[in-house]
Amino acid sequence: MWKFIVRRMLTTFPQLILLSVIIFLMAQAMPGDALTGLVDPNVDRAAIEEQREKLGLNDPWHIKYADWVSGLLQGDLGQSFRYKMDVTDLIEQRLINTFWLAVATLLFTYIIALPLGILSGRYNDTLLDSSITGYTYIGFATPLFIFALVMLWVFGYQLQWFPTGGSVAPGLEAGSMDYILSKVNHLLLPALSMALIQTVSTVQYLRSEIVDTKQKEFVVTARAKGASETRVYNRHIFRNSLLPIAAYFSYEITLLITGTIFVERIFSYPGMGQLFLDSIVQRDFSVVTAVVLLFGLAAILGALVSDIILSIIDPRIRIK
Amino acid sequence: MVILEVNNLKVYFPIKAGIFNRTVNHIKAVDDVSFSIEQGKTYGLVGESGSGKTTTGRAVMGLENITAGTIIFDGKDITKKQSKTKDVRRNIQMIFQDPYSSLNPRKRVKDIIAEPLRNFENLSKQEEKKRVQELLELVGLSPESILKYPHEFSGGQRQRIGIARAIALKPKLIIADEPVSALDVSVQAQVLNFMRDIQKELGLTYIFISHDLGIVKHMCDDIAIMYKGRYVEQGTKEEIFNYPQHIYTKRLVSAIPDTEPGNREKRFKFRQDIQKEFEESYDDYFDSDGLAYSLKPVSDTHLVALPEKG
Amino acid sequence: MEINQMNMDKQSQNLTKSPSSFRILWRELVRDKLALISLLFLIIIGIFVYGSSLILDQSEIVKVDLFAINEPPSEEFILGTDYGGRDVFGQLIIGTRNSISIGLIVTLLSGMIGVTFGLTAGYFGGHVDNVLMRILDFFQVLPFTMLVIVFVAIVPNYSILAFSLIFTAFSWMSIARVIRSKALQEKELDYVQASRTLGTSHPKIIFREMMPNVSSLIIVTMTLNLASNIGLESGLSFLGFGFPESTPSLGTLLSYATNPQTLEHRWWIWVPAAVMILVLMLAVRNVGEALRRATDARQRRG
């Protein structure tokens, strides 16, 4: 197992390097550089050129890349020319918002997936199962952004159960109980929208896993030994079926990244996705680069964690 | 004239392990095998499954990576993959064991048999069709069936299509890897006799790989017995069947069923004796790893794997 | 020999012809009522949308008319007008056409790349497979939507072609993975080995020998991909990084709903497009699922 984990971590390094190169090249391809926003248009060209030379903007690409990476490692993500502040500071608050959105979504995803998957698998080919399968089938074919729009329309505007935008009601003191409640309240609808769509693959996976396990020898043996149906499910089937869900963790992370972009836009939730879209429109490319880098990092590490969990659980994949 | 000469052929498959996937050990599928074949003869390779007989055939064919040794075909060294020029390729062909998977189910008979022709000869559509029909006729199938698909034929017929494909380029050497073991017994004889007919007609040389000694006796001039990647015994058909020297060969030969009912008691007694000898003298014939020793000549043509005297 | 031959000919006549795999696909599709209805629906939508867009004048539809802003459905405008006074029904038709077209183009392009990649990895196996799969892993872990958006934003001379290429560059992985695992099984079959011994070149073996044998899997995967590509494209257009506004797609219509006023009060602008996307994706998926069942003998219904 350790061998697998070490080997898997080793393959992560080239991935990280490749990611950084791609994002660096992307950043190079973006129009403008650090000076475009900072420099006063009245300053003459020669002075700008001198400034560029001093900042190393005319260096060959590999030196620029090395500078960029060493900056990254020290937590320097550059300057936002629009907000005139360090990208690191700019991102901090947004990152926290998105983090809680992601946590809430994951929580809902599993809260929905577990009972539905288990019921569907245990009572397969009943009416209950058909309705759950029907939900997953339609959920698969529904794009998140349409579903989120409908949720906002129904629960936000028509029924007015939830706030329709922002991450917190204005005028509340940070840290107070009301503040936290308001934050949670703002989180619920976007997180639920994402979770309801995102959960269907997990439900489906869990269902087929349980249906498969039901027919395995050891379950038949347990039944033959006279174990009660509940005991068979709790001790044998459920445990064996739950574990492979870890395999889906990295997939969930990828879905989350895409999801936050749509959901934050629709619910005007001030997180990373919203920041990303705004910065693209405003051509604030140092921010764009930073956000893509962070999300790429999250995806790669998510895949790593998922594979490691899987290798702990399932000895078969360690062989290769 | 010697058409194929194999010297000290070794085919090892690496066993990989560890963090960096280093090779930690080898499976010695073929371990130091040498033989030579005269033109026009049939050379039988016999052994149980996993004995390396198929790997040997595939190595000669160029389908396996060769670890060590040389293969000389028609005077040319063809050990390296790059040295298998077009000329060499067309002169060595193969007949596969499974007539079901060896024909592409999506291609018509015409396209299956014409595949080698298209690769090596520039024929017009008309000429190609004529050649395919001739080949079909040669293997005893109706020339009208060129537009059919493989699934429209029986196993024996499919194997004939496979043979037609293999002889399309008039090769010198054909490697037949258990060509009849997937067929019904009633069809086996048909295909085997047919293989002998075209051998005479086209002057083919066969490497005949089989686990069935009865068939090998019927088909082959020279026979080699393989066990765990090594040769156990090699000789002419008479030598192997009438004067087997190695205990492993003796056991194999004794296991051939006899069709004469009157001999039943005698055969049974014989088999029991051999089994007893095998149990008593196992250590004399195999080394401490259970592998055969290197070959020692008994006569000009007869070689047996026996330990050094003493 | 003569008698033999006659016997064999008789034998081959007795063998019933087993149906070709395309026929199996078709038969399964017809047996599955839902899939059949979906297919008919898609055909009708296709004919209607492509047919009527020949008559409709796109520049007329996307022309801003300030005297008819945000009008609810009426006799003149079946589905009302948007904030620029443009006919929503006309935009819906053109949008549907554009969404289907781009979905098809991207699916075909990414299918071509994915199939080539997967077959190559599977056929050669070993080190080649290893390297190719590491590349694929990397691409698959990348945040697809973000990268497409960034590239759309920075590419000079942005056009529909550029959009399809960017989209394709990040969407060939799933089909490559599916085809590769099938190719790994396929290459072990003797007919592939036989082709090698017959002197057939690697590219020929890959495309002429192996590809026809995985064709039904290719069709199934591409159909399912078509559904998700239509969804992805409309999502990107929704965010404003797909089609330019002068070429509306279904996502463009939905993007008007990011305006709370439109979302709350002018349902006629965005609901029809939302329904159209949903129905299109479901219909394509139904067809795809029926085809998938057909390739898996255990799940066949007939």
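For the reader, a short list of remarks on this structure follows.
Should a chain be cited, it is by its letter among A, B and C, assigned in written order, with residues numbered from 1 in that chain.
Methods note: contacts are C-beta pairs under 8 Å (C-beta built on N, C-alpha and C of every residue); 3 or more make two chains touch, one makes a residue touch a chain.
Note that the structure is a prediction, hence the values are computed from the model and not measured.
Summarising the inter-chain contacts, the pair of chains with the most C-beta pairs in contact is A-C. Relative to chain B, the most remote chain by averaged C-alpha coordinates is A. Remark: the per-chain Cα centre closest to the mean position of all protein Cα atoms belongs to C. Averaged C-alpha coordinates put the centre of chain B at 48 Å from the centre of chain C.
A straight line joining the Cα centres of chain A and chain B is 58 Å long.
Centre-to-centre separation between chain A and chain C, using Cα means, comes to 25 Å. Across the complex, chain C meets chain A through its residues 134, 137-138, 141-147, 149-151, 153-154, 227, 231-232, 234-235, 238-241, 254, 257-258, 260, 263-264, 270, 274, 277-278, 281-282, 285. Remark: chain B residues 61-63, 86, 89-90, 92-94, 96-98, 101-107, 115-116, 119-120, 140-142, 145, 148, 151-154, 156-157, 162, 165, 190 touch chain C in the complex. Residue ranges of chain C in contact with chain B, taken from their complex: 1, 4-5, 8-9, 11-12, 15, 17-18, 189-191, 193-201, 209, 212-213, 215.
Residues 11, 14-15, 18-19, 26, 29-31, 137-138, 140-146, 149-150, 152-153, 157, 164-165, 250, 254, 257-258, 261-262, 265-266, 276-277, 280-281, 283, 285, 288, 291-292, 295-296, 299-300, 302-303 of chain A are the ones touching chain C in the complex.
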